[in-house]
Structures are given as C-alpha cells and as structure tokens.
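In this document, chain identifiers A, B and C correspond to the written order of the chains, with residue numbering beginning at 1 in each.
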C-alpha cells in the first residue's frame, strides 16, 4: 500500500518526533539515501519557495528531480486532461510527486489513485502539511518542548491554510493555549474551532494584538492574502497587525516571532534586528523546512508500511 | 557524423527491434550508462508529458538535464535569434538536444547544422517519432508480434501528427491492415495514403467506428485537437467517436485500446475498468515511453556510427 | 567572509589569469569538484543562454541545480516580498546563487546580505561580469595575449551592459586601444570614459565602422537592444552597422569578429563562412562561457578567502 502525505491529521505524535529527530540528523550529516529515486514537482500554482526547498531536499539526499513550475499553463490539463490521468502518467516516470494546486482537495484526489506517494504541497484554501510540520519542528527546536505553550496566531485566519494545518497539529500536544487574533471578517473557520474544542485545546479569539504580546511564547504572524479576497476585505485587513520596533519589546526575551513567509508589511524590522535578535525565528523556520522535507521524502520513499512510527496511510 | 532522430522513416525494422530489446532490458535493470552526459530539453511549445519523460529517461541512466519549458517566451528567439544559432550555442553546453516546436520542419533544420544529436520531440503538424516508436513498442509488448495485425486509427487523422509517424512505421511490417476512421473533414493526408499504397499496406477509410470494433486487434484513439482547428471544425468532430461502457464490449478480449494521451471525452471509462480491464493499454503505453526514450538516448549518445542497427543518419 | 561576483572591477589581472588557466584545464579534463554543492539560478528576467550555461557548468562539475526561469511571475516577489528576503531564504536551500534581474544594482543589494556567494548574471543596464570575463578569455585564447590590442566595439554602447563590463576589464591591460563606434544617440556613458581616461586607456569615438575595420584586431559587434529603447531610437540605430559578405574582407586575416549573442541583423554571414572562416569567433566565444563559468563557480565555492588570486571580496 502506498503512503501519501495529504493532511497534517495523518501524523501521530510519535511520527512527528521521528521526523524531527531525522531532520536534526540530516542537518548534521551528508547522506545519499535516495540515490536512484526521482521526484516530480508538479506545481499548478506558483510557489518558488516550496518547490525549491523540496527540490533541494531531494538533491541533497542524492536523488534526482524533474518538474514544472507552471503546470496550469503548460501541461496537458490545458488540453482538458483530468488531474488523475496526469498523476497516473507522471507516476510512471518518477518515484514520488509533490503536488501544488489552487483547488482544495486536489492532493486527496491524486492520492486516491496514485501508485507513487503524493505529498500535498498546498491545495488552495485546504492544507499545506509540510509547512505545519516545519512550523512545529521550529517550535520544538526553539523551546525543546511542544507541551505547555501559549501561541498567538495573527492575521488572516480564514484563508491562511498554514494556520489550519498548524492548529490540527498543535491539537496533539498538552497544555497548549492558542490565541487567535484576526479582524472580525477573517476569523478562523468553525471546523477548526470544533476540532480544538474536541481535543480540549484552550483557545480564545481576539482582535487586539499588542495587549497579548507580553504573555505568549510564540507570535505566529501571517500575511493577509490579497490573492484570496476582494479589495474591500483586503483594505480592511491590511495593516491591522504589525510587528515593528515600536512593539517588539512588548515581547519577552524568550518569545519567538514566526512567519511562514513571504512577509510583507506585517513585519517591519531593520536588517540588524532580524539578524541579531534571537526572537526573530522566521528565517531559521524557513531553513528548517529543508531538513523536515528531507526527512519526509525519506519516510515516504524508504519506510516499510509496517513501520509503526512513519506517516500513516490516510483512511479513505 | 552526428546522428539525429528527426522522423520515423529513419528507422529500419532491425533498428526498431534493437530499441525494443534495449527498452525491455532497461525496464528490468538499473544502468548508469549516460554518466557525464547532459541533455537539453528545448521546448518552444508546452508538452509537460514529453519533456518529463525524456528528463526522467536521462536521469535514470545517470545523466544530467538542463532545459526550458517555454523557450518561445523566454529565450533569445524572442530577441530575434534564429533557431539555428540557438542550437549551435546550446550544442556547446550539452551532449544532446530534444527539440519541441510548433513549426513543422524545425527539427530537420536544427539537425542540418547541429554538432550534437537532435531528437524531434514534436514539430507542429509534422512528426513526433519517439511517440510512434513507443506506440509500436506497445503493440509489440501486447501482442508479441508486429506482423498480421488489424489496426483501427480513430479521430483527427488530418492534424494528429502521431498518426502520421505511426503509419510510416507500420508500413515496415507484413500483413498489416489499417482502418482509418475519421469525420470527412479530418481525413488523413494524401502523402500518408501514397506511402501506404507504395508499401502495399492495406488500408480503408471509414466514418463509422462501432461496426469495426469487433474485428480489430488495436483501436488507436486520438484526441480532436481543438488548438489546431477552427471552432466549426471542432464542434463537428468533437464527440463523434467515444469508447465507453456502452461499446467497449464490442471489442474482443484480446483487443487493445491505445491512445497517445492526454485523452478528453473520446474515452470515458470508469477508474475500475481502466485499472482492471486488460484491453485498456494506454497507461502501459505511456509508461513504455520512458523505456523507449532511455533506449533512444543511449543509441544516439553511445552507438558508433558504424553500428548497422542503430538509428540511421538522415539523408539530406 | 563570503565572496561574491558582482562587477568586473573586482577582478585583478592575476585573478583573471587564474580563471583562464583553470578554464583551459576544465575544457580538457572531466572533474567532479563540486559534488554535494547546489546552485540556484534565480532569474527575474529571461535569459535562457546565461541560465543554461551556468547550469551546464555546475552539472559538469558534479554539482546539482535548482532554479526558476521566470522568478518575476512565479515567485514570492509577486506577493510583495523583498529581494533580500528571497535571497536569505534561498541561501538556506543552496550553496551559491546566480541572480539575473532587470533592476540595476540588484546583485549588489543581494550580495550585501547573502550568506552564500552571489554571481551577478546581469542586472538591467548595470553589469554582466561573467560575460565580460568570457569575452576577455576569448581574446586571450585567440591572440595569446591581452596587451597591445586594438579593439573596435560597435553598436549600442549606451545600454549594452556587456560593453561596460568589458571596458572595465580591458582597462587593466597595457597598450590597449579602444575605438567606440555608435550612432550619436547611443554613445557610451561618461562614467566609462572617465574610467578609461583615468586608467590611461586610449580610446576614440566614431560613427563610421567600415573605415576602421582594416586596422583592428577585434571587432566586437553588439545588438541594438530593442527592449531598452523607444521605437524612434531603435529605428535610427537599427541597420547602421553590419558585418556581411560585402565588408568582411576589409578585416585582416587574423582579426576576430566577436559578439555576445544573440545576434540579429548586425551580422549577416552565410553558414559556410560562419563555420569555416577563422575570423568568426562568436560561437567559440559562447562555448568559452561554459568553461569560464565552471572556473568561477569553483573559485567562489572552493577557494579560501586568503587565496590572493581568487575573486576579491567586493568592498562595501
């Protein structure tokens, strides 16, 4: 049975820690475990960052890469082919596929028929599980724990898919407090709130950010996603929340500022602060993505299905 | 003298079988025969499938790949450079070039001046020889013979370039019967008919498909190519010919359905049938392309010119 | 301290000869010195030729490549991210970055903050130092000297950035005479003239080309860059200067015609002349780019900072 990584709920706490340990190991050691393995990056929506980090991960493990950064425009889909057929054909050319799509559910559909592992590299307003895993790995590296944490998530919580995946993963740990900070029209969806309630995760929703900053371990900023809302919504939301020199010192010395990047106006700190203030964690976070993706590629390509700790087969 | 693969007529029956045997071998064995060899995929017209299969073939043989999937837009041609000059420069950077163009004759022009082998990856309404070779290889694998076959070719026989290359290759075998099924305005060109007549290949032209289905070994479906005709022509042709649950059982158990893919409405079978009915051969056909292309890359890069069985130097 | 290649002034005469010698060596020997090293080609402006030659250079040295040929359209910059942030993130995924931009100064900005070496692959009207180095390497290979040369540079000397970089490098050698030939509205900028004067390089400006041809060692043709001027300017300039069968024999037998390519109407010679007349040096020049880029990649990735002969750290 082929295993896929479609959504962050698939990952048990043990599987997460197995990935984190392997990521720590791969950061320190050069390994060529994926020699003779071939990755396809099939991107229907641009994402240079996600694509390049997966490709770098594969190449650093000795594997090879083929791919397209603009499948929408150039591929057979423009001739009317179904995604499923494309996956079946490309699955014959390569050993694993990272799929990025603007359609929610695309990775799930692909995983239903694919004979090679599918990694969801983002599916519209759906999930982006490797982003959530690297976010969690970053918290783990910065705090040496994943329990007993107070985390403010700030910005567009409605369409920000990294937020959804992250909340699902945080739900697996103990004594987590989540403060969801957003303008009223960009609040997190009901399904996430139900999930958090069901898993007894404490959360509260707020509109003001600054009053919360002194009390959190992590402030996780997100970009207002212009491309996923109308102009009126964007103008109302843009500029609501900013970390800059006037409020950064509301944060405790051991608090961490995270961001899935790219950031625009919501973070406005000088280069020297970004380089030297240990609270700025988002560039370390981006680098962590490389090692997490190396560990995930290895897990999906090398782990035996019986392995209790590896990424679970998604139940259909 | 550099050898190129420009059109399917270049290939003798012996050369074809040499490629088929090598493709069978490469399917079963991991080989790194093309270490230190570099392929450029130079695509002036999008074709993710053809490009990715060539790149996969090269990488699986230990070689490396550079390329562009949108040469038209991005390359020096947009600054007014001739194709010949582009080929001369890129030939200095790599050991072999796969060229895809919307201009008929582009691969021939390139091969006239190139110092490295040129593979025609499709030249507009011209040829697509590696597609024809993989089609033939598929028939060979499914039937264990290439003589004594009855083959229906269905759809847009006017602009479908895979049809042209395939007919040229079928012309080399004995007791082949070709039934050309198309709407009146999309009939195959006179040059193909003359070729078939000259090589004593029996063929007939028909408009109805279903009455033929019980009598053929292969039904080779093709897509009505919207992008190569006007809307009126397209509307007249679209939907004329379909394989679906209502007529698939007109086919004998050992008949094979082939298609160069991508398919749109001309094949409409449920997933379970596509996966389990042995008559559905088009996904095996797509996979065969990988191994055929590996064998072709090897032949052009490694065979000595004197080798009697390799791809012939095209006469100019 | 990380070293970058931002502008041609960085290179001492000794460093240039070190690169030329290594380029000569790499032309003759297969080396895998960059195993486990990863190059990113980050191109905000199309340049298939420059990109492919860097990628080929990296792969031939055993390294790996990731990249994007249309960063402008597809990358996070389209979401509003700064170039500096993109560089910081991509620097975490790879060991060296070739940056191509339409903005003058982009490579300098990138080099100010990057933790991995930046190579300027062209920055708008700014510089294109590897082009200038390969130009000089070509003169060195054709004449076995870089002193005592008379060089005509012809065409758009205002926006032609290769001309700027080349003049800066020629300024390092003895008894060089430069004849700058252009229409009045496309003369070379004052800054270059000041540089040449300061370095006691003899130069003169002319409008007529043919009268000069019998007296030069090199005629360096450039393309009138349609994309960098208005239509009126282009029409005035286009067709002013041409090398064709009617004037090529004004050149001495040991004169060399160079061109950064792609060329359009400014060179109009039949294929046989381009292949057989030793004066046509521009295809050898293009090939030289591969070996020069191999040597530069090695220098930036392998040389110790202390190495007196390697590319200098740019003073900020």
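Here is the rule we go by: a residue touches a chain if its C-beta (ideal position, glycine included) is under 8 Å from a C-beta of that chain, and two chains touch if they have at least 3 such contacts.
Every value quoted in this text rests on a predicted model; they were computed, and no experiment measured them.
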Rounded to the nearest 5 degrees, how far is subunit B rotated relative to subunit C when their C-alpha atoms are superposed? 120
Chain copies touching (subunit A, subunit B) - same or different residues, decided at half shared: different
Centre distance in Å when subunit A and subunit B are each reduced to the mean of their C-alpha atoms: 40
Within subunit A, the set of residues that touch 2 or more other chains is 70
Okay, in this complex, where on subunit C does subunit A touch? 36, 38, 40, 64, 66-68, 70-71, 73-76, 78-81, 84-86, 88-90, 92-94, 113
In their shared complex, subunit A is touched by residues of subunit B numbered 30, 46-49, 51-53, 55-56, 59-60, 65, 69-70, 223, 226-227, 261-264, 271, 283, 286-287, 290
